[in-house]
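Labels A, B, C, D, E, F, G and H are assigned to the chains in the order they are written; within every chain, residues are numbered from 1.
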Amino acid sequence: MHGESFSDVGIARVDISRMERTGVPEVVFGAGKTLVQTETVLRELFRRDGFALATRVPAEDLAVLAARMPDAVVDAAARAVRLGRLPATERRVAVLCAGTSDLPVADEAAFTLEAFGYTPIRRSDVGVAGIHRLFADFAEVATAEVVIVAAGMEGALPSVVAGLVRAPVIAVPTSVGYGVSAGGYAALLAMLAACAPGIAVVNIDNGFGAAALAHKMLAIGAAR
Amino acid sequence: MHGESFSDVGIARVDISRMERTGVPEVVFGAGKTLVQTETVLRELFRRDGFALATRVPAEDLAVLAARMPDAVVDAAARAVRLGRLPATERRVAVLCAGTSDLPVADEAAFTLEAFGYTPIRRSDVGVAGIHRLFADFAEVATAEVVIVAAGMEGALPSVVAGLVRAPVIAVPTSVGYGVSAGGYAALLAMLAACAPGIAVVNIDNGFGAAALAHKMLAIGAAR
Amino acid sequence: MHGESFSDVGIARVDISRMERTGVPEVVFGAGKTLVQTETVLRELFRRDGFALATRVPAEDLAVLAARMPDAVVDAAARAVRLGRLPATERRVAVLCAGTSDLPVADEAAFTLEAFGYTPIRRSDVGVAGIHRLFADFAEVATAEVVIVAAGMEGALPSVVAGLVRAPVIAVPTSVGYGVSAGGYAALLAMLAACAPGIAVVNIDNGFGAAALAHKMLAIGAAR
Amino acid sequence: MHGESFSDVGIARVDISRMERTGVPEVVFGAGKTLVQTETVLRELFRRDGFALATRVPAEDLAVLAARMPDAVVDAAARAVRLGRLPATERRVAVLCAGTSDLPVADEAAFTLEAFGYTPIRRSDVGVAGIHRLFADFAEVATAEVVIVAAGMEGALPSVVAGLVRAPVIAVPTSVGYGVSAGGYAALLAMLAACAPGIAVVNIDNGFGAAALAHKMLAIGAAR
Amino acid sequence: MHGESFSDVGIARVDISRMERTGVPEVVFGAGKTLVQTETVLRELFRRDGFALATRVPAEDLAVLAARMPDAVVDAAARAVRLGRLPATERRVAVLCAGTSDLPVADEAAFTLEAFGYTPIRRSDVGVAGIHRLFADFAEVATAEVVIVAAGMEGALPSVVAGLVRAPVIAVPTSVGYGVSAGGYAALLAMLAACAPGIAVVNIDNGFGAAALAHKMLAIGAAR
Amino acid sequence: MHGESFSDVGIARVDISRMERTGVPEVVFGAGKTLVQTETVLRELFRRDGFALATRVPAEDLAVLAARMPDAVVDAAARAVRLGRLPATERRVAVLCAGTSDLPVADEAAFTLEAFGYTPIRRSDVGVAGIHRLFADFAEVATAEVVIVAAGMEGALPSVVAGLVRAPVIAVPTSVGYGVSAGGYAALLAMLAACAPGIAVVNIDNGFGAAALAHKMLAIGAAR
Amino acid sequence: MHGESFSDVGIARVDISRMERTGVPEVVFGAGKTLVQTETVLRELFRRDGFALATRVPAEDLAVLAARMPDAVVDAAARAVRLGRLPATERRVAVLCAGTSDLPVADEAAFTLEAFGYTPIRRSDVGVAGIHRLFADFAEVATAEVVIVAAGMEGALPSVVAGLVRAPVIAVPTSVGYGVSAGGYAALLAMLAACAPGIAVVNIDNGFGAAALAHKMLAIGAAR
Amino acid sequence: MHGESFSDVGIARVDISRMERTGVPEVVFGAGKTLVQTETVLRELFRRDGFALATRVPAEDLAVLAARMPDAVVDAAARAVRLGRLPATERRVAVLCAGTSDLPVADEAAFTLEAFGYTPIRRSDVGVAGIHRLFADFAEVATAEVVIVAAGMEGALPSVVAGLVRAPVIAVPTSVGYGVSAGGYAALLAMLAACAPGIAVVNIDNGFGAAALAHKMLAIGAAR
């Protein structure tokens, strides 16, 4: 297997061959980490690879990181920060979300894609209760090679989109809502049960995972 | 309360004032009843009121009832049988279903509506994965005063329809499908979580209940 | 479809044809929105249509909105605010709730109905454990064309009411209670399982949805 | 502890001091036992104590047992059989059920009570959707010292009854129904969540347990 | 039905015939009520009946009530307060709990029993992992006419106790614990599934309900 | 939208523009269809497009179809049948499964891929309990552009594989097993929770869906 | 890793180094396998290692295997068959079960232990509802080095036993019972929530897994 | 039974024969206890036995205890404190965890083992997404007589480890993560469903229980 290796940096056993093995770089999951831990690993990854990304960073830590690392790109809505960027690419990914409440998850996906070199096509507030808003300027969306759709509540948007495009659809359930919507299970089940074939589902609120999966999908063509 | 009364007919305490009190006649729930019980109550209700309806009748019993009661209208797909019919009405109800697997539930709703005097507008196989099929001849559906939508799997169709019509939408989750769709909970949760306002949800597979609710809704206007 | 359109106002893609298409105006869902966002959209909707309603507004924001918009009607119990009101109507809707803990949800339904032009008949604290309280002055409730019933805990009240009235019953489970009542699932399941036909169920705590559904039901008669 | 003992009869370690310790005799749970096992233990218990009861006996085994043991009392609806009977008592227990589908569970409770010496007051088909049927001849029910209520679907009947009587109410959820009613969980949760104090809940379909609990409750007075 | 009546006191429709109908007085459920509401109803009930009890009162409100109503008996552990007491009785009820974490629930049951006139027998920390502690001084417990057992985690104590005593056992699952114990469902299911007959289960954490049920059980003997 | 159209063939509203719109042809879902329905639609699709595929066909129907349609390719393990095949392709897809019990699901995926023109790389019985079996001849798997992994029980194999390859992994939970494995939920949750990024999850037992998603992924490169 | 290897025998990739790596031999899981598959693998394993064990074999297959392989030891209750036996050992393992319904699971554990060379101490019908039966002849159980306890319903027996012995307790929930007991989840949760430390839980009905775990535990001492 | 006894120290009925009976000393569960209660019991246990351990102690209490009891060993990450230590032993236990988020649970296990006299082998950050990190220095882990594995998310690590070692594996699901991982149920189910035999599962986040179970396992050899 690949000449694997890792680096034991005290607070973590960093998987430095992950990029080589899987095509997705090691990314810092900020939830549950201290500010010091997140900053340390970010700086180390950037020093070695010229690229570092952290998601799920607490709001208060983001502000401090922005102040301490002037070169960092910080996105408060996406709760994420990056140093550097993977090489820019013309490949086309769309990120749709059903309602404004789904925006943080869509933003995490879009920020990750930007860090990976993409310029995502964005559409927000195109939920199925007013489906003409989706159709209104769908032409550009239809040019995307992969479409990420974040939706909470009944999670119906991925089904509708998957019935309209040739691109694979990555469905991200979001945990917004109340009553049976709370926690995102209603949306998750709906997406898994979707009648339209060709939908890839990821964990609830996992905007990063959707972006990483899109990146892997787009690497298929690149590898040929 | 109304001059209530009932008739204790041995095998059941029949609620003979229900029609007067609630506007919906007493209907025989055939599941778990013997053929003799179902036939006895049907004949008794028809003798007294000139109308009798039984739902959830086992297939083998339906065949026997059809043979024994030549005046009965039997619908094998809807698993239902009726004697007589409530007065015909011009009021307009639509019954839509997402896939062919949802047909038995939609059929139960439609058969009940027919027994109650309606001539329902039907659309089948108009699921969201090919949503143009819904739009194709939607004009007649849009004339309905109440729209019943039966859907299993991700249960997304009621949300889409409710965003298109002025009529209230009655959503019936169906238990068709496998994996997370099995049992109908994915569809049920999706319908309750629907982002479009004005959706009334009933129990899984409850086609009769949807029709009874539509009947009560349409009686609103009638009562003025 | 209808001459649909929408207005992209930066923070949202407002569905300005919703009222025309569905009979229910676009309403602001305040949860998860900033004070600025809520106020902006309220003012814009009111400017254009002479009517604006926001529900699920955080308590602290309600106070600020009341101060800034002297013409607004604010209801702290219902967590809602409105500017203007749809034309007044004589149509009759009742809003019942089982216990005092269900009041916030019943209040949201009633406030929405008032905003839509109704003067709802109210009954509180008429739960089934002392069912004579319900019967005591039921005559006025029985005149309602639609009855909304909010109940938590065992959620039994809609079943009892639906067995007494000709009007359709809209059941709203509430999330009050502890142990198995917490979250509202016991009440939700009970309402869906109700043996009385003609009950429309909406999401847990969804007082607004119940009112919107009632409004759509009452529009049936209006459309003839 | 009581001078406990037991008898190891090969296929089971029979708890012969249970009656002395707990006031409830050892009863054979027929499900999962072979006909030979059930018959053997029934005969042994009857030989020693002059009383034996088996519940949950498969229908085909009941027929054989009836043929082989002419003195046995067999109840096909209750799926139970007994040899002998505990001393007759005038103490009053009522067994109510909401619908005819709940009858097998109510029958198991009633048959057990009869085996224990009681003559239960029975009411069937008194569900909350036609609650006047309950009130119609409630006077005799109100004389019961303990009231057992079996109900499936929304399980609302125990709440209503508990608000009307001084006697403790034992609620037995039943597994009848479809959709969210299937399995009895909707009724179970509703009964546990009941707003009326003084309701004792037992396992789904546990008619025997309800009767045993009633028997223990009535022994309170006897022990003074 | 009894000459029912109630009093509409603005904030609630007080069920003043409940004591007469059901044998359990109206009790204030403090959760979700304001301090003013709780105090008002307590004073009104005490003024009329010479007895008032409130449970689930927030800690900060308890302190204020203790200061304002010098005659009140306040129990911080039980989160309850009472004015007056029902007539003292020699009837015997035991309240056991498995661990110290179950104490608040056991305390609510015991406080309610004291308010109702009983002097409960208490045993704490007698969980099944050291079952000799239960047997050590069981003789007094065995004299109880009703035994309330509060237990969280695996909820096994009621089964063991029900196998040892003639008295009915009221099982109260508690929500203490972590992992699968959190919320009390593991204990609830275990109690409902208990192999020992004669166990009455109430809602999770419902110490008051257990006491009310015991009170109703003991009234059986009293009513003869 | 595309010049959409459909053909109403009596028993279904066939979505004849699906291939054009989404890149995946209309496929017959055999479960719940009669033999006549399945055969009719298969023949019609093949007549029009030179290609037809049905999955989830009952075993007894497969035998009849094989007899009646000599040109059909029938796979009893995959419960599927096809007429014709999409153009052969050199693109590389691997189908792995953890245990022999997962084979029917893996077979459905592989049969679908073959129908779509692929020659899938297969590995069976490479579950994580003997992970060296996976590593043993992994080189060929590593050449795949997409890897489908079917696994029941703990569903761990996709996580391990996704950490080893650059290709996106499509995880299919299977419903094999007993206890907590039954139904496939343990595997489904594990796959959604997987720590390795780049995993696409589909519904339980949805081998067809995995293949359709792989086909859409591979079309990304083709479309450039 | 160990010099791993395996043998691809067509129908499976047999893990022939498992015994060496993990101390537990490869065992045939009979559920879902054909009679031919089970017999083939059994004969092959026995030919190579002089030992073969199959569990979860359907009853009808067991009878055939018994007839075809005269040297096989077949246990219908345990649904298992073995050829040969691992070397006999004096190490002491106890297998307890709460009720007769748990016997098949306890039998699977005991049969596996016998195949692995042990002579298990057995106790059946020692559930907590008559806990004196457990204490009656506990001395021999207390000599066991590992105690396996199978229990359904409330699953309380492991907690009681773990509070009495120094040996680790392996708890096996069983799926017997009805209502909340059905499926074994009530017992599973209770065992995981057990207040007594030192309890190892395995999957529902997993008698084999309990025996394998006991075997691994006892190998600890052997390895020193 | 053993000459059992206990000491009623007011706030608890301390089980002072637990060590003798079960081999695991009484340990203070700090959650829900006041600082005074924890300190009192710690001091009393240490006075009598020369050893005392408390787990789940709130962070702020740990700091105070450290200040007041200079001889105490406090571990903030493990949320635990001890006075004294059981006799040191050379027996070998490994504690692995999948990610850094699982560290607090692994730390609780390790701290408990240290208190019991062990020097655990530790490995962190060896999750299956980069499984080469596990293999890298596995030789020392393979010498352990018992291996504890803490893992959240998909909980796959125990399966992989159990397929590699002869030692029994104790699997501890952790509640880290979001979406379907939140609460630890995905990991719990995966561990119970694991295909590798010989895995002992404990409650979610129960690091202490894992250590106590390991201690009991290792006492098997010691007792011979």
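Note that a residue touches a chain if its C-beta (ideal position, glycine included) is under 8 Å from a C-beta of that chain, and two chains touch if they have at least 3 such contacts.
None of the values given here were measured: they were computed from a predicted structure.
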Partner chains shared by chain D and chain F (touch criterion as defined above): B, G
Least step count from chain B to chain E, where 1 means the two chains touch: 2
Most distant chain from chain C, judged by the mean position of its C-alpha atoms: G
Euclidean distance of C-alpha centroids - chain B vs chain H, Å: 57
Between chain D and chain B, distance of the C-alpha-averaged centres to the nearest whole Å: 36
Interchain centroid distance [CA atoms averaged], chain A/chain B, Å: 43
Touching two or more other chains - residue numbers and ranges from chain A: 1, 18, 21, 129-130, 162-164, 179-181, 188, 192-193, 196, 203-204
Every chain pair meeting the contact rule: A-B, A-C, A-F, A-H, B-C, B-D, B-F, C-D, C-E, D-E, D-G, E-G, E-H, F-G, F-H, G-H
Interface residues, chain G side, partner chain F - complex: 1, 4-6, 11-13, 15, 17-18, 21, 29, 31-33, 173, 175, 184, 188, 203-206
Interface residues, chain A side, partner chain C - complex: 100-101, 124-126, 129-130, 132-133, 136, 176, 178-181
Contacting residues of chain C [partner chain B, same complex]: 1-2, 18, 21-24, 27, 135, 138, 145-146, 162-168, 170, 188, 192-193, 196-204, 208-209, 212-213, 215-221, 223-224
Chain H-facing residues of chain F, complex: 98-99, 127-131, 152-156, 159-160, 162-164, 177, 179-181, 185-187, 189-196
